[in-house]
Amino acid sequence: MKTSLSMIPIVSPPPASRASTATAPLSSTALASPVSPQRPRVEGIARVVAVDCVDGERVWLEPEQTTSCGGCAAASRCGAKGVGTLASRLEARRFPLSANVASPPLRIGERVVIGVEERSLVRASLTAYAIPLLTAFAAGGVAEGLVGSDAVTMFAMLGGLGAGLLLAGGVARRLSARGELAPRYLRRARADESCSTDSTG
Amino acid sequence: MKELALMMVGAALVNNVILARFLGLCSFMGVTTRIDTAAGMGMATTFVITVSSMADWAVQHYLLDAYGLGFLRTVTFILVIASAVQFTEMTIRKVSPSLFQMLGIYLPLITTNCAVLGVALLLVEGKLSFLASTLFAFASAAGYSLVMIIFAGLRERLALAQVPRLFAGPPIGFIVASLLAMAFMGFSGISTG
Amino acid sequence: MSALSRTSAAAPVAAPHASTSGSVTAVMATVMLALTPATLYGFWLYGWPSIYLWLITVAFAMLGEAVCLRLMERRAVPVLFDGSAMLTGWLLAVSLPPWAPWWIGALGGLFATMLCKQAFGGLGQNLFNPAMVARVALLISFPVQMTAWVAPLPIDMAAAPGPISGLLVTLKGIPQGLDAVSSASLLGFAKTEMSRGVDLLQSLPHAPSLSWLGSRPGSLGETASWLIAAGGLLLIVRRVISWHIPVAMLAGIAVPAALLHLVDPARYLDATTHLLSGGAMLGAFFIATDYVTSPNTARGQLIFGAGCGVLTYVIRTWAGYPEGVAFAVLLMNSLTPIIDRYVKPRVYGRDRQGVALDAPAMAARPIVGREY
Amino acid sequence: MWVAIGSLTLMGLALGALLGVAARYLAVEENPIEAELQSMLPGSQCGQCGYVGCAQAAAALARHEAPVTLCPPGGRALAEALAARLGVKADLSQVVDDGPKLAQVSEDICIGCCRCIKVCPTDAVIGAPKQIHNVIRDACTGCGACIERCPTEAMALVPVPVTLQHWIWPKPAIA
Amino acid sequence: MGLIDRLFKDPAWGVHPDDHKRPAADQPLRVLPPPARLYMPLQQHVGGAARPVVQVGEKVLKGQLLAAAQGNISAPVHSPVSGQVVAIGEVTAPHPSGLGFTAITLESDFAERWIDADAVADPFSLAPEEITRRTAAAGVVGLGGATFPSAVKFVLGQRLKVATLIVNGGECEPYLSSDDRLMRDRASEVVDGARIVMHAIGATQVLVGIENNKPEAIAAMQLAAAPFAEVNICPVPARYPMGSDKQLIQTLTGREVPADARAAEVGVLVHNVSTCAAVHQAVRLGRPLVERIVTVNGGAVREPGNVFAPLGTLVDELLAFCGLHEAPSRLILGGPMMGSPLAHGKIPLVKGASGILAFDAREATIPPAGPCIRCGSCTRACPMGLLPLEMAARIRHDKFDEAAALMLGDCISCGCCAWVCPSHIPLVQYFSHAKGELSARERTRLRNDASRRLAEARVLRLEREAREKAEAALRRKAERAAAKAAAERQETPGETV
């Protein structure tokens, strides 16, 4: 005897969320809207999972594995199965944000919309590794050309390497500020908002 | 300058670290399930190979040759490589936590990668100048990364194929690796001087 | 309504309920049709042994496929006769030396279909072109038999071996008595002369003649370049292949050849020699354009073709092997997944990186009335 | 001979010291993952996984003592998500996932004893003493806690019928 | 002229199936006599199903309201015949699943008595809101097949100040010619309806896109649109799926609808020619949408052609009216490229049904699907610029997230890729399967979130109740103590009495 009552909007404590009936075909697209003026490559949904135990200001977020956010999940999802320890692989997937980037500050379990660069893993490795190598070789080449003795070239390359590492740090800071490396906070996600657009009308 | 370029091409393509010298096969088979993780691993290994071969050349030149301790070469190289990797991991983690976020897990893997030690041992016999040997190391590491990325692309496509049960998993991976090695033999014979 | 209930009782049939008349067998048949003129001319040029070699290679290729299908308990007939195994065997036979011993063709055919196609899961899932993998494997394992080129001996000439003696040639190898002059192909000749320090200007006059008609030593597929090009054009007109890969590959060979020839004619062959000799034409029209192992977007195909061309030139000029097409195609096959991943068509309503276009900017765009 | 031993130990000590200093100077700390696994579980504390509540189940998962298929209400999707999260291979063979089952009251034998109302983790059962009870299908997670509690076995787990909106095209047979 | 036209002017995407429209398109329109029994479904549109307002046994007039709209996206349903409501029950839905949905069963009294309509002499004097209200009340929905309630689109068009109305006369599906017949016979109604819609949304110009394989329709529409400068007829190249909104907008205006936006946000609104005719009937003549032109075609039909039939008629009756010379091997609602297969003929005609196809054995044969040889012809055919072979390969391995990353959400299921595939792989079925699975996972995820919130709410409630019970117990104990103390104080002073 069918006793199904119609869908009662399930009231949850903070925002009134209506359990939206997803229409059968996935009518919406993979990217959330409305798009903020400064266009990040890909938008995705992340969930606050832990508060930093050292400084309470920082919270750890985890990209949500929703179906239509393939883009951002791929960027920060480390797919290398069977590599490294479990903890470090999980560690590699979470990213920190300062809690008071939104008012009121973020709490555990809240879902936020983040913007992240599409190919940030490749760009991250380029900044971390290519820049120091380039400066090292540049310094070595100049030293070899001017002086030519191995010892001098060696010290020149070591100096170049050090400079390169510092430069990489600077570039990395600037990139992560622009959301290139780590995802950047855009806004709080509405309760039923997945990565698809909200329904019309 | 011309023979330097030829030497680098030779190190990268002709006697490629993975496909011709068969070094670093464990990471070659392990990490190449996806292109961007393979690229991350490739670049991390390139950095470590270059840094450690610089250190190895110095240790070889000023310590082992000077005091005739050639027989200690392998042990010292391993020591140098391990500390180079550890040092790199710490600096990267300090310099930019978000960078380490993405790439942290590859660095500990590289210490056990035999391509690093292989390249270091190769460049020592070459009796090249310091810059030339570092360029040789960088070129072989670049060849390593190139083959890692190509093989990751192939395996991503292979993951979509309905490989018969007998060949599924590692066997078909090895077959593809051997076909790739056969293709790279096309470069053999380029006179690398 | 009885017919109706039967079809709908099982899973419902999804739209579209109509489809094109084309089929995989038709595509393969058109490609084989385009290959026939050059192959027949090759048969005429090299006589009976080359016919037997071709038959053996194709037969063993299909045998290999049949054995694999039987092992996987799949019905062999529909897969065998979709023409792909036959085409693979044909392409391999056309790239072998015409008077090679029978076991070269047999081994190559088996290797191509069993290890390079069925092991990956059958048609459409192999990563490398089966014919080229087999040729490279044979070249590396049996260098002597694979580089024993024979001067053309048209079938109607007295000296040419008859049907029976031709069969013996294929089965037992070239008898000493027969004065089939074995000489290197032009590329092989140029490379050996170069290694002996004789630069091109002296060695070229008495190199094997390179008549446009193509009667010179080489495999079946290397002789009549203009016949192969005609077959290729037929494929392009029938829309079986698009022009992107052949044009890009031939340009990839011709441009570096012409430039370097200008720089130093003594050391580098000119562009037309490169285009007409070796497997360039066969590679460009029939081998590099294999659907399965080449990118599926136009821009990707241009990159793929250019890559094949340049690598062919590099291997021919500097590497150890005289003929670079096989290696070049394999190398570019290994790059195809990466090309396909980064070279994608622009999705409607999105920019090249996949981010949705900006609606207000699009709304501001004036409506241009277009006449159709 | 002595020079060899001496140089090796010297280099070992020097490098060790260098790394020791660097370790202290470049220290960065870690973070636990249990809170996050718990946020993934449905949180209905139904106990079908054999642990007292979802918190204990999450802790067991983090310590790899529990299989990822431990949570029936979560079904196949949750098992896959847990497997992906923990990076382990999940054999989904025995996850019987023929679609969610929801509780249903057969109204002719329900005596209105309110026992199921007290035990339902998500308040999915509505009713009053001596009145016929009913189940809100959208709140019920099919955890089965009410099935044993019902004295007259009026409660039963019934598979959800497919509706027009939720019907999915079957995957074509692989050629 | 054809070749150059094809090379440079024709769009690169899409396919060119032979259209099988003749001779059905040229047959004069036949009117189906009202059948004895009709089944009016409540869910004939996108959005909430309509709610019945009539009782069983009630007498209704033609055009009388049977079920009212429910929720902000919905459409009412009216009676196509005058007669009596016999039942409100379950009927097989025109859906590939073969499942049922509720419908109102009517029995016709063949009197064809219309309900008194409040016709409007000059609709342009009405306020746009009034036109929107009347269109909504008449139950007008997109008749091209999308069946989206038109009034909701008008509101959207007004709010976003859309300047251009595009009337979609494409009808690019093979076999179908209902729009073609409508344009040939009732061009003036279409133009008038289009102008009313233009007035309703405040647009300044109307572009009517008609495929150039319908010359008679183009001529008729140009004749009807001659007096009105703002309505211009634009023939477009005949290429499937030119009739799809996004492709028609791109071809006519050069604008592309961004992936996550609606057509209205790029200043354009698209309506089908039949929808415009329905708006004309609704506003000018006050008649709700109860009938429509349906193409009956296919190899099994003896006299294929267009039939003007009341909604709710069973498919069997339509086929019987046109005659069958063999048992159809497959029944399709809509066109062959996107139409849904019907399990049997006892299915009612709905508002979105532009055609009924009865395929004979030859047309219905589906060659078995072979392996994908990566020929890439599906990528060239896809009008949305997607990679069908890559998506299908991932869906074959249940990697739905990777398929979604390849923009599966943008696929409009037009069928070009499956049509052009030499291995006849049912690509659209793969994509429909993946979309179904993805939205099912999304629903389970939302459901899990909701049940977790419910569980937390319950735990909080139980704690609160426990706390309150404890406080109440304390308070009562305190009161009892106070009462006892007060009682004792009363006894001690009163002892002397």
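Order as written gives the chain letters A, B, C, D and E; numbering starts at 1 within each chain.
Definition applied: a residue touches a chain if its C-beta (ideal position, glycine included) is under 8 Å from a C-beta of that chain, and two chains touch if they have at least 3 such contacts.
In this text the structure is predicted, and so the values were computed from the model without any measurement.
> Per-chain C-alpha centres versus the global one: which chain is nearest?
So the chain sitting closest to the middle is A.
> Relative to subunit E, which chain has the most distant C-alpha mean position?
B
> Which chain pair has the highest count of C-beta pairs that touch?
Greatest count of contact pairs is found between chains C-E.
> From the centre of subunit A, which chain's CA centre is farthest?
Checked the centroid distances; the maximum from subunit A is C.
> Roughly how far is subunit C from subunit D, going centre to centre by Cα mean, in whole Å?
It comes to 54 Å between the two C-alpha centres.
> Averaging only over C-alpha atoms, locate the centres of subunit A and subunit C and give their separation in whole Å.
45
> Whole-Å distance, subunit A centre to subunit B centre, using C-alpha means?
Spacing between the chain centres: roughly 29 Å.
> Just how far, in Å, is the C-alpha centre of subunit C from the one of subunit B?
Here the centre of subunit C sits 34 Å away from the centre of subunit B.
> Can you list the subunit D residues in contact with two or more other chains?
Within subunit D, the residues that touch at least two other chains are 138-139, 164, 166-167, 169-170, 172, 174.
> What residues in subunit A touch two or more of the other chains?
Where subunit A meets two or more other chains at a single residue, that happens at 10, 19, 23-24, 29, 31, 33, 35, 65, 71, 74, 81, 89, 91, 94.
> If a residue has to touch 2 or more other chains to count, which residues of subunit E qualify?
Within subunit E, residues 96-97, 259-261, 370-371, 396, 407, 410, 413, 423, 426, 429, 432, 436, 441, 443, 445, 447, 450, 454, 456-457 contact more than one other chain.
> Which of the residues in subunit E end up touching subunit C in this complex?
Answer in residue numbers: 9, 15, 17, 96-98, 164, 174, 207, 212, 232, 234-237, 246, 250-261, 265-267, 327-332, 336-345, 357, 359, 361, 363-364, 366-367, 370-376, 379, 383-387, 389-390, 407, 410, 413, 415, 418-424, 426, 428-429, 432.
> For the complex, which residues does subunit C have touching subunit E?
Contacts found on subunit C: 1-5, 7-8, 12-20, 22-24, 26-27, 82, 84, 122-125, 291-292, 296-297, 340, 344-350, 354, 356-360, 362-363, 365, 367-370, 372.
> Mind pulling up the subunit B residues that touch subunit C in the complex?
So the residues of subunit B in touch with subunit C come to 35, 149-150, 153-154, 156-158, 160-164, 167, 172, 175-176, 179-180, 182-191.
> Hey, which residues of subunit B end up touching subunit D in the complex?
59, 63, 67, 69, 71-72, 75-76, 79-80, 83, 86-87, 90-91, 93-94, 97, 100, 162
> Quick one: which bits of subunit D touch subunit B in the complex? Just the residue numbers, please.
Within the complex, subunit D contacts subunit B at residues 3-4, 7-8, 11-12, 15, 18-19, 22-23, 25-26, 28, 174.
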